[in-house]
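Okay, got some structures for you below.
Both complexes below contain chain A, partnered by chain B and then by chain C.
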Partner chain A sequence: MRVLRIELRRSAALWAALLTVVVSLGMFYSLSGPWWKGTSAWTSEWTTLALWQRWLLLETWPLALGIGAWQGRRDARSTMDELAASTPRPAWQRVLPLVSAMALGQITAYLAIFFVGGVQVAFNTDYFPLSWVPVALVGILSTVAAALLGMGVGRAVPSIVTPPAVAALGLAGLILLMGTPDDQSNLHGTVSQAIALLSPNLGTPHAAFSAVTTQVNLLQGIWFLGLGVTGFSLYAATKRKELALLPALAAFAIALPLFPNDRAGVLRTDPEAVALVCADDSPRVCVTRVHQDSLGSIVGPAREALTMLAKIPGAPTAVEEDTTAFNARGPHPRKPGVVLVSFDDWQFASRPRDRILIGPDASCDSWAQTLQVYANRTAVVSWLEGSFRLPYRDQDGTLQPLAESTWNALRALPAAEQPAKVAELRDGSCSG
Partner chain B sequence: MRFLALYVRSRKIPVALAVMVLASLGFWALDLADVRLLILTAGLGVGAAAGGLGGQDLDLDRTAALNWPVRRALHIIAIALVMSSLIIATDMGVTPVIVRDCAGLTGLAALGAVLFGRHLAWAPPLVMTVWSVILPVPSEIVSWLREPAASLPATLTAAVLAAAGLLAYPHFGPRTS
Partner chain C sequence: MARVVGAAETAPTTYAWQIHTEDLRVKAGRRMAVNGLDLKLDTGVHGILGPNGAGKTTLIRALATVLKPVGGELTLLGRSPGGRGLKALRREIGYLPQQFGFYPRFTVREFVEYMAWLKEMPKAEIPGAVQRAIDRADLTSRADDRLKTLSGGMVRRAGIAQAIVNDPRILLLDEPTVGLDPAQRMQFRSLLRSLAGDTCVVVSTHLVEDVATACGDVVLMNEGRVVFQGTPAELAAAGDGSHPGDSPAERGYSAILGRSR
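What follows is the complex of A and B.
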């Protein structure tokens, strides 16, 4: 224990931990990025916290590699290998305290960042799945493996160029392996999803509904364990250093063929997270288990909207949360008789009642078609409320006249035909 | 000639050159004209060369009756020139951007040598590289490495860094610890 304490003081372990925490939190707090947006923000759910922290490894993993190499190189410069080899004590016993100190530094840094996020998550959600635990554990294992691998490489190649070189190459490698929502990597489909899984970064989380599959957690665990053992052996071995590469090669040979080759094999939908929780009484208003906290705030507006909609034929009778990841551009799923809503839809988040009245999105190709759909929906809302009102923000003043003419045309119809026309406008898509 | 041979050896110039050539070769072999990879190549090469900004025994060096400021200045100018010509040779980027980035990064490496000594001289250029590659901050000054050639603030930032390195390193020399 005393040696460990000394090694903690004289090695780069604590500096590495401090630097990792400062870089990670500095990035999250000084910049407004996707990590603050919507329901997949890093402080919103346990799963998204774990995944965002894995995403952070994009920069902290090469950092750990570089600092490890700096440490390993420094140790090699002491030039006492021969002296150490002359003692009967095994080499691994001698290096154990320093290795433990470095690993301890990495683990502490990872937990510290997780703690900062976790305290906020605990206030933001009631949903506590356990599927994030392996994700965080594999993340911790990967940073420890990075530090050990760096130490091994720094020891084996004790050149002054080694630390910057491994850090830069590590970063270049992680960028090349960066996964995207589809099954290709970031750089023009250079590598497949299976190879991308060799990186500790699992990509940006897109919804709070997902969980990492057990297969991926397990295989990545094996892969980083192999890397770590190789790093440790490279660092500890005094002869036959080439044997140290075996664990990493074995882990590579096991993991790579078994990694799933599509995104669906990496992130599965967590059935418990998307289970619908409904409000008492009718009409039916349901949200997912993840967003249970928000149910109370939307029941009122949702029921009010459903009551207003009852005037039109074939009106929806329920409001449910959409359990697919919300994509602001792509086509939105529809369900007959049900209004699907998403908390990632800013329109719904700010004015839920209006969003339900407006009707399903009609993802149009051209702005002219979108504008016509907006005008139609304005007429729908105005008819339901009895007076003209724009539920959209009219950015350049083109919507107002178009919407007024649609509204006047609607009112000119005989009173008996109006409800059917309103239903048609509300369901309408991009016909123009 | 004898001085040059000894200087090259003590400043680890063969290793730095090897890393620069290998990094450029790797960049060329990947054949992805992505500005992030270009920055990483430059950062890797300049970071490797930064290890040579200082010798084995600086106090002994300084007792020699040699015009060190001129030699130090030539050394860092050579780093920037060699790195940018190697990347230009890959034909995968815009020449003004390459020259700007290499000059600015070399200035950072020189400042790193003055402030931290040669063992950590690679840290400033590499941290800058990593920062720009991962975080495209919407500021032409902060993300000067990534801006297009026409960006005046980016060019000015690089020029300031290069000038600061070119003035500070020859004058003060690497930090002795």
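What follows is the complex of A and C.
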């Protein structure tokens, strides 16, 4: 224990930890990126926190590799081997305090970043699944493995260029492997997408509803364990260093063929997270278990909107949260009689009542079509409310005249025909 | 703090010589640097003299169990180094290599403590033993300074401190006086004399004067063999005015080397 304390004080372990925390939090707090956006922000849910931290490894994993290599050069530079060879303590025991110090540094840094996010997550959600735990554990394992691997390489090749070289190579490798299978990885179309899972970075989290599959957690755990054991052996071995490569090769041979080849194999929908929680009484207003704490704030506007919509034929009678990722590619799902809403939709997040009145999203190819849809929907909202009002922001003033003429045309219809026309405008999608 | 003396330490020795070699052959790389060396060393301070390339460092490294002999007999404290007994034997050895490697960021105390740990000393004994070793190496005032801030001579003394921290029964010092100033050299000699009582100290040097004044026994090596073993007085007696040298010991050294060629 005393020697561990000495190594903690004299090695790069604590500096590495500090640097990792500064780089990670610096990145998150100095830049506004997708890590701050919507329901998959890094501070919104435990799962997104765990996944965003894995995403950060894109930078901190090569950093750990480089610092490990820097530390690993120490023994070769100091020529301590001669002295150590005359002592009774075996080589693997001799390196244990330093290896533990470096591992402790990495673990501390990982937990510190997690803590900073976790405190905020605790305030932002009351949904506490356990599926994030293995994701964080594999992340910790991967950084420890990176530090050990760096140490092993640094000792085997104790050149001054080794630390920057391994860090740069690590970064290049991770960028090459970036993305998840089936998700526009940089290796798209060249090799099996499963190879992307060799990287600790699992890609940008899309939604709070997902969980990493057990298969991927387990296999990545094996892979990084093998990498770590190889790093340790490379660092500790005094002879036959080539044998140290075996654990990593074995882990590679086990994990790669078993890695899933598509995104569905990596991220599954957490059924508990997407289970709907509904407000008491009717009409029916439901959100996912993840966003249960937001139910209270939307149930009022949602019911008000449903009541207003009751005037039109075939009006929806319920509001439900959309359980597919809002940012996912492809058309948004529709459900008859139900308004599907998403907290990632800024319009819903800021004005839920308007969003429900407006009707389902229509994705149009041209701006002219989109503008017409907006004008139609403006007429719908104005009709429902009884007076003209733009529910959209009219940035260049083109929407207002178009919407007014649509609204006037609607009002010019006989009163009996108006509700059917409103329903048609609200449901309609793109037209020329 | 009182130290508990174990039964093993007070038990009578069952062997005649601390270090005993017979026809010892050790390779340094491809070269047979120690080639048929016979040596018997008891407690006391033994100086190993010899020209560069005589095999002094290779012999010391073999005695430190770092190099494995390729032939002959090597017995340390009555045991052959190897197998299960090696660990126990290594606990009894103190070693200062010629190229003394250390971690520059460690303080003197941390480094000596680290070495004590490598020598598998009992945990409770370490702090006391570290302080004693630092005191004996006269580094007390610099104990908490980092090694990289020390001068060459002080680093050498830190090397001596780590070598003696485990109270070794065999102490191997390869060129320990390199970098020491005259006053430190004298102090070092008195340290050697104080160790002589129960330790077999082997000091390799190419400085004849070191040996003549500090050692009770002189071993002269040339080309991997022992060419002379005796007291400093016997070494001095081997030479006369016709041999090159500035002191009787140096003249004796020249005389014996000249004869062995």
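As a convention for this text, the second predicted complex is superposed on the first by the 412 of 432 C-alpha atoms of A that agree within 3 Å, B and C clash if a C-alpha of one lies under 4 Å from a C-alpha of the other, contacts with A are read in each partner's own complex, and residues count from 1 in each chain.
We take it that a residue touches a chain if its C-beta (ideal position, glycine included) is under 8 Å from a C-beta of that chain, and two chains touch if they have at least 3 such contacts.
What you are looking at is a predicted structure, and each value in this text was computed from that prediction instead of being measured.
In the superposition on chain A, A:Ala168 contacts chain B only, with no contact to chain C.
By the touch criterion defined above, A:Gly152 reaches neither chain B nor chain C.
After overlaying the two complexes on the shared chain, residue contacts for A:Leu31 are found with chain B alone; chain C is out of touch. In the superposition on chain A, contact is made by A:Pro88 with chain C only, not with chain B.
In the superposed model, A:Pro247 lies in contact with neither chain B nor chain C. Looking at the shared chain after the overlay, A:Ile6 reaches chain C, while chain B stays out of its contact range. Only residues 61, 64-66, 86-88, 90-91, 93, 95, 97, 99-106, 110, 113-115, 117-120, 123, 126, 162 of chain C touch chain A when the two sit together in their complex.
Interface residues of chain A, counted against chain C in their complex, comprise 2-3, 6, 9-10, 74, 78-89, 94.
By the touch rule above, chain B contacts chain A in their complex via residues 12, 15-16, 19, 23, 30, 32, 34, 36-37, 40, 43-44, 47-48, 50-52, 118-119, 122-123, 126, 129-130, 133-135, 137. On the side of chain A, the complex with chain B involves touching residues 27, 31, 58-59, 62-63, 66, 159-161, 163-165, 167-169, 171-172, 175-176, 187-188, 190.
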